[in-house]
Every structure is written in structure tokens, then in C-alpha cells.
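Per-chain numbering from 1; labels A, B, C and D assigned in written order.
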């Protein structure tokens, strides 16, 4: 069950080939790469997975391929959609494919707590029983949810088993969610992992984020769980300069894909239009950040 | 007390002279014009009063002049401000001048009910005891308030004595507010009076709106109170073509000022920059709408 | 060709049965109703057609049924979508079905003219040659387009053949578009036709709007074209009280469906969730507005 | 002249005492602290200076005190205001006090390039000749400006002498502004300095940002100018864990004030309401981040 989740869910990319067609074969290598570097589960068709640029059929094919290759690890599929009919239609289909659950952020335009609760009542009237990750990501969804509202949603809807908490700032929000009592759900954190060690200190159950060095997210999580808080910080700080580079919205996603291409995880770093295209200056910055990281890793290793 | 309000509060213009300086003398003629046409009270420094284009000193002078000339009728002063310090500073000053109360819409950026209630807790920590009109005008404030939220504010803060209800659509919202129980506050309605007879049918206590023929708002209100519902509709419908013209945002305010200049209420129709300037086509439309209205009024009179 | 359009395009409803399933048979009676009352063309899957509540397959079935029944009249299909892939996919499919063109509003999130032009470059890279209605409806799309931007889009993309102008206020915007020179495209106007006679006076080529009495839109258009400007206003003013009732967002659409059900155009007034449900008070208001309209029509007729 | 600026402008805090009154004496110690740690100039009454929580008089007193104590270094005053009258009124007053210029972000609600240019035409009609920092901070202003728009503003208004560039992502935007040709203006960068070394590599003239260790911003700037790019990165990376903590919006500002209190720069870390109040967990995180930083600094020093 998702509410017992402890570990690292990787927010997975959607690989495209040079012609911007979905590259299903690269999904296989990418899944293997993620697993090799410590992923305990997958979140596909999220914002940084470029879900918003796929047709419905493409989205289904991507989800199916991830599920197929995941070696039994849970795959959560993002289904947020301004159309409730499309959201519930897609939910049913991916559950049929074997997804562990769906991830939903409230639809744009919701402005009050009353509308928020009405929205999820509508969602679960059709999505009854489907394990759900509630995504609290107001930067992208444009909908804010207060701690009391989230706790009320958790209390009233058993489907909500996990919260992806990526409001900003998020630290005290995590503390308040944990102190809120009631049914315990898992809390994983996003925001490109920029605050991961601190979030773990506040009671988060792990990261749900993407990074071109997923082994860092995995290692920081495991060190922290083992009580090695300083070692966790040391590892995190090594990667922070690159991490913050990849946190620059879709430009960061583009950089992340390029880094993963260099590491052999995917064949092409192509982003589908509309999206950024890395400039020469961007690539040179990645060269430098990458070289500096390698040097620090070598020093640590030695 | 504002919570016993029954009647017509006019949303008052701020007159400027040809050089865009505040025209204090025109406030005197304008107040007389409003009173002659049935105004029971005044709301000054609202959105359509161009409050957002005044310095703080100018705003105080405008409010003072209205209060001075109002012949004892209550004057409510709009004090909404992104800065809480400025809001409370202005509130204290206009109460000293003799205002009947202040009107407050929640500050932009508020996104959850928790933030909304926190905001008003902050407001009333300083504005303790000041009679307050809660303005529910999400189109301008960018903050939505649900019926339960408004009722909770009313219950917890005795300062709130009147609700200016101008959400869209507003009819069922008025019904729900009236059915909500609890302490009774007055409800006046805005939205340029486009739905006035219906709103009165739902339990509103009168209009708080502006129109170049304020006698219509007054008459519709009085007929409705007297149970002459059809007559109220007949009067309203006569003016509706012009009313909806004046409902076009700041363009409508500009048209309204021009009509009031023609009627002798103010000396100049100037809007302060940044704001619209009527074109020849606009003026010709006003000519036609005005002529058609006069014709219908003559037919009714005869 | 759409750029020669002169006349009345009705913004068409999507009928649902009591279970909220799409009622394809009611589309047939509805099309006949629209044609009988003067529709020269159809706009389907727009905002008030509840397109946002349909699955992709449902949308295609609705569009196909409209095209089939339209007796050769042009059918424009709304394809706006946050996903460019879905927008272009749907465009290709409805053109295959025989649509006269597609209607597109810019995707949410666009904030500068540069992004706007980049967006449409991306759109037309795939939608090359597809006749397009550019919808200028910032209230719903959350994207504003200035007159110079619209004119530049028209100049650079021959696909844009018609502008649905429903910014608010819109009168001077229509004038400026007409005075802008360059290639002439058709301009039809929306905003629930609240400003129709004035818009025709500014150079609009007709309404693209919905109303439960489509014969009014048709008659006002035809009278205006015939130079009978006062008669056009007289007809318009008769219906204005009901028209402004139906202009209350989705609540107005719900009222419109109820009125059309009463007139026999559709079997059920059901709105799909999430959406408003008319209260007893709403229905009573419709009774009164309807009775008053019938009385006025009878007086005019006699 | 501001357009020749090269160096570090510190975005300055507004100190409050325990009762939330402005603490003018702490401004003196704070200015001395900033200068001691390398500040070449000051930006006061910005977003993180809590300008939005001051009355107009308080703002003037804060600006005056900074100017008085600045030892001749330039002080730029933030004057952005939804009311154009208040913006220009405040501009005139602070220039009289000896400010080097004013900083302006476009007012909320501007949606098109045409509106943007109209807005600044209105601004400079009154602010003619006042040296101006154009703040490109869409996260706070809610107004996006494209590179062509900014370049056009620079070309048409000689008053604009400096751009505070803090859009996200900003790296390619800085490159494009530099490549844009035309009159050269200074570019300083904000965003809490999270991308400072990269921004300097793109052609920025220095940071305009706040941090509890301003000596880092100063040192990174000076090393970079001296061509010691790797050393600049080394210094920056040391502080990055704390820097990103202080980048958490107003929560970060609160942490920054606490750190500066600990360093003796101000007497109290009070934020004026509405604003965050640090929790025990927050303070413990600052303890750890601070201790880790001191350890690294000691290691480097040794």
C-alpha cells in the first residue's frame, strides 16, 4: 500500500528521439538506470515528465512501458487534467495497466476550501478506491491547499495514501502535517529535492523527485534513515551546485536530460516543443558543473 | 449602525478637473446630485472611485469633503491596501474624520481559507472596533471567499456589519448567506447593479453601486420594498441598456462620468491616468443610448 | 472560406441525458432548432459547450454529430488545450470529420507577446493550413492579446481567418482591429451577445454566441445589416433582461439549457459535473423572466 | 551614474524592534555591517525589505536613514506601487532626500507588451529624468517582460540605467539582454544570489541581493572580476546550503534576519506582521547550517 511508502520514488523523464517522437526503448534503459541508482518506485507523467506535451495515447504507452519494465516496483501515474472526464478516464486505464496508483493535483481555478473539497468529492465519485497521491504543488497547479484542508481531505478520503509535498516553503508545512494527527499517510517531497535533508528531518518518508544523479537522492535518504545525518548532509552538499541548476523549471529538466544522456541513460536529450533548447553557454556550464562534481567525488572517494 | 442598513448606498465617483487634479468643489455638487436622486449613504474611495490613482493625502481630502457635505448620511470609505500598515493607518484617519465605517476586500495573494482568516485577524488586531463593510468582489481583489468562510468571519468579528456582495454569479450566494443563520448583517450588492431586482428578491438590503441615473437604483429599491415587484422590474428594464454600458469596467466608469457631466453633477468627465479616454464612437453610442432612454422615459411619463 | 463570414454562428450546447451521458439524439433536435431560428453556422466544443468535461472520444462524437446534422452549414470546433499535442491531434481528427475549421485560444501561462507568437508558431508548425478562429477571450483563457499582437498574428499566419472577439470591454478593440489595415478577416463577437448591436456598429460581422432565443441574435444581426439600427435595438432590448441572466458564467449556461429544454430543443437540461444545479429560486426567476418576455413579445406582435 | 554600476548592491533589510516598530538605530549598525562586508551600494524598501508592511511615512524615514549613513555610497529606493500617484509622489520625495535612483517593477495587472509600454510612458511622464532601476521579478510583480520588451524600454527611456534581472530561469535572459545591442545599461542580479557565479559568467555586473553573509557576495563578485572563476565557485559553494535556506521567500528573510541578529548587525530579528515567525525546528536548522558553515570556513582558513 502506498501509505506505507518509505524510500525514493524517482520522478521519471519521458525520453524522446531526435524527431521528438516518444522513445519507448530508452524507457527501458532509463528504468534500469534508475533502479541501478536506488529507485524504489516511479512517478511517471508528472510535470517534469512533460506529460502536458503528450497525446492521450502516447501517455498510455509511456505509462505501460514503465510498468512493464519496473521489475515489480510501484509506478504512480500523474493524471491531473483540467477535464474531470479525462482525469477519471485516464485513471481507470492506467490502473488496468497495473499502476500502483495515480497522482492528482487540484485543477486550476479552484479558489476556496469549499471548492477544493467539492472538487475531490467529484473526483472520487468516479475514482472510488483508486490509491491516490495528492500532489501539493501550488507553483504548477496554481491552487494552494492549507494544512487543515489537506488533513481534512486525508480524513475523508481513504484513497489518499501519500502526499507529495512541494509547496514552498515546505519545512513547517511538513511538520504541521505530521503533527496533525489522524490517519497516517506517507509524505514524499519534491521541489527538485532542493531541501531534501531538511525535509527528512521534519518527518518526510523520502524523496519523490528527479535528478541526473539519482544515486544522491537514494544515498541521502538511506544515510538519513540510518541516523547518519551529517554524512547525509555531506553527500547532499556535494551535489547541490548541480542540483540547483536542474531546479530551473523546464530549463532545468532540459539540463537533466542532457546529463542523463551523457551518463548513458537515454539516447537523446530532446525536449518536445514547446520547450527550451540548451545553448552553447548552457552546455559549457554543464561541463564545468559536471567536472567540478567529478573532482569532488574523486576527492571524497580518495 | 451599519448592520441595520436598508437602502441605497451610492458608490461615489472622484471628480477631477481638466488637469486631472482632484476637483473638491465638484464633490459638493455631486453629493447634492446623489442625495436629490435618493442616495441614503455613500461609499467613497472604491475601485470605481479611482482610489487606486490617488495619493494618500488626496484620498483623505476626498473622504473629508464627502463626509462634510453628506448632510449626516453615512459615508463608508474604502481602505483596501496591499500594505496592512497603510490600511490601518488610513482607517484610523477616516474614522477620525467622521466616517461611518471602512470597506475592506482581502489583500491580493491570499489563497486559502486559513490565510483569509489569518489576514482578518491581523486587520482587526489594529482596526478593533471599527465598523467594517466586507467587500466580496473577487474580480477586483483576486481573492475568493466561500459562503462558509464569510459566515465564519461574520461570527468571529463583530466589526463586520455589512457585506458588499458582488461575486459573480451572486444570486445563490446571497440566498446561502441569508440562510446561513448567525448574527444578521446587512447585505448590499454591487456589480454595477446589473442584477439588482433579482438580488433584492434573494434578500439583499439594497444596492451599493454607481450609475449615472442614481434615481433608478433608488426607485427600484423602494418599489421592491413596497412589494411592487413588477413595477420595479419595469423601471429597471428601461435603464438596462445604459446600465450594461456603464458596466464595462473602467470604460464604463468613464462613460458614467460623461453622463453625469451632461446631467450637471460634475464639471468635467476627466479620468485620471492611467485610464480610458472616450472616443468619438463611444460618445456617439452614449448619445444614442441616452436619446433612447429619454424617449422611453417620456413614453412612460406620458 | 471563414474569412468571408457574415452572419450568425451559434455557440452550441452539448446535451446530456439525466445520467450525464452525452445525448447524441438531442444534438439532432438542437441543430434543427438552431437552424430554424437562424443559425448560419455552428461553434461546438467551446467553453459554454462544456468541452472541458468531455473525454476526447466524447468530444469527437459530439463534433461528428453536429457536422452530420448541420445541413452543410459550417461547423467550427474548439480545440484549445494545454497540451499542444492534444490540440493538434484533435485538430487533425475534426478536420477529417468535415469541420470548417478549428477555434483556438492561447494556452494558459503565456505572458508576453514573444511567448504568444512563439506559441502560435508551434501550433501552426503542425496545424499548417487548417482554417482557424482565433478566440480572444481573456476571461477564460487568462491570456491577453493586444490589438497590435492580434494584427501581427493575422498578418503572419494565413490560417487565421476569423477572430472571435470577446475581450471586455470590446467596443474600441473591434474598432481598432478594423482600422488596423492588413488582410481582412471576419470578426464575430461573443460575451454572450451582451453588446451585440454596439459591436455590429463597430464593424463586427455577426455574433458567435449562445442564447436560448437564438432568433433574437439572428434578427438583430439581419436588421442591423439592413440598416434598421433602431429596430435592431428594439428587438435586442426586449430580450436583454433574460440575456444578462444567461450571461452569469456556467450558471447562465445552466439557465440557458433549462430554457432550451422548455422550448423543446433538448430533452434534459442536465449539466455535467462539476457544474451548477439550478435551485428552486433560480427556476422561479426563469419563470418570471420568461413570462415577462412572452408578454412583451405578445405586445410587440399585437 | 547607475548605468556604469559594477559591484555589489546589497538588498537591505528593514529592522524592527521587539514591538515591531521601525528600529532606526539598527539601520546604522546594519549599514556599517554591510559596508564592512563589501557593499558598494544599497537597495532599500524592496520586497524583502518588507516595504509592503510600512506606512508611507515609515518608508520615508527608513530611506532617509539609509541615505544618511551610507557614507556616500548610492542608495536605490524601491517605489513600486499599484497607485501611480503614490509611486511618483514617493519617487520625488526620496530623490529630494538624496537617493541615487528608484527601483520600479511594473504594476500588477499588466498583461500585454502594449500595456507595459503604456504603463512606463505614464510613469516617466511624471518621473522624467529620475534614474531608474527596472526590476524584472515576475514572481513578485506577476508581470512578465520579454527580452525585446526590456530592450525597447531601455532604448526609449534614458531614465532606465540599470536592470535588476531576477526572472527564473535567468541565465539565457541575461545573455540575450547583453547580446541585444543598443545603449548599455548595468545588469545586477537578484533571486537571492542562487545563481550568482553563473550570472556573472553571462555578463551581469554584480549582485543586487541580500544574504546574512554579505561578504560572500562581495568576494564571489571580486574573484570573478579578477578572472578567478574556480575560486569564486569554491567560495560560493561553501555558502550554498545556507544561501538556499534563505531563499525560501519571506521564511528565508526571517532566517536571514535571525542570522544577522546573531552576527550583531541588528538588535532584533522581528518581522512585521503579517509574516512568518521562526519555530524551534527552524532555529535548530539554522544552528546546524551555521555550525557546518563555520566548520568549512575554518577548514578553508586552515
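Odds and ends about this structure:
The rule is simple: a contact is a pair of C-beta atoms (placed from the backbone, for glycine too) under 8 Å apart; a residue touches a chain by one contact, two chains touch by 3 or more.
This one's a predicted model, so the numbers in the text were calculated from it and none came from an experiment.
When chain centres are set by their Cα atoms, the one at the greatest distance from subunit A is B.
In the Cα superposition of subunit A onto subunit B, the rotation angle, rounded to steps of 5, is 180 degrees. Subunit A and subunit B have centres, each the mean of its CA atoms, that are 47 Å apart.
Computed from the mean C-alpha positions, the centre of subunit B lies at a distance of 32 Å from the centre of subunit C. A straight line joining the Cα centres of subunit B and subunit D is 39 Å long. Of all residues in subunit A, none touches two or more other chains.
Taken pairwise by the contact criterion, the protein chains are fully connected, each one touching every other. Residues of subunit B touching subunit D in their complex: 52-56, 58, 82-86, 89, 108, 118-119, 122, 125, 272-274. Within the complex formed with subunit A, the subunit B residues making contact are 111-115, 138, 143-149. If you check the complex, the residues on subunit A that touch subunit D are 168-169, 171-172, 175, 194-195, 198, 201-202, 233, 236-237, 240-241, 244-245, 248-249, 251-252, 279, 281-282, 285, 288, 292.
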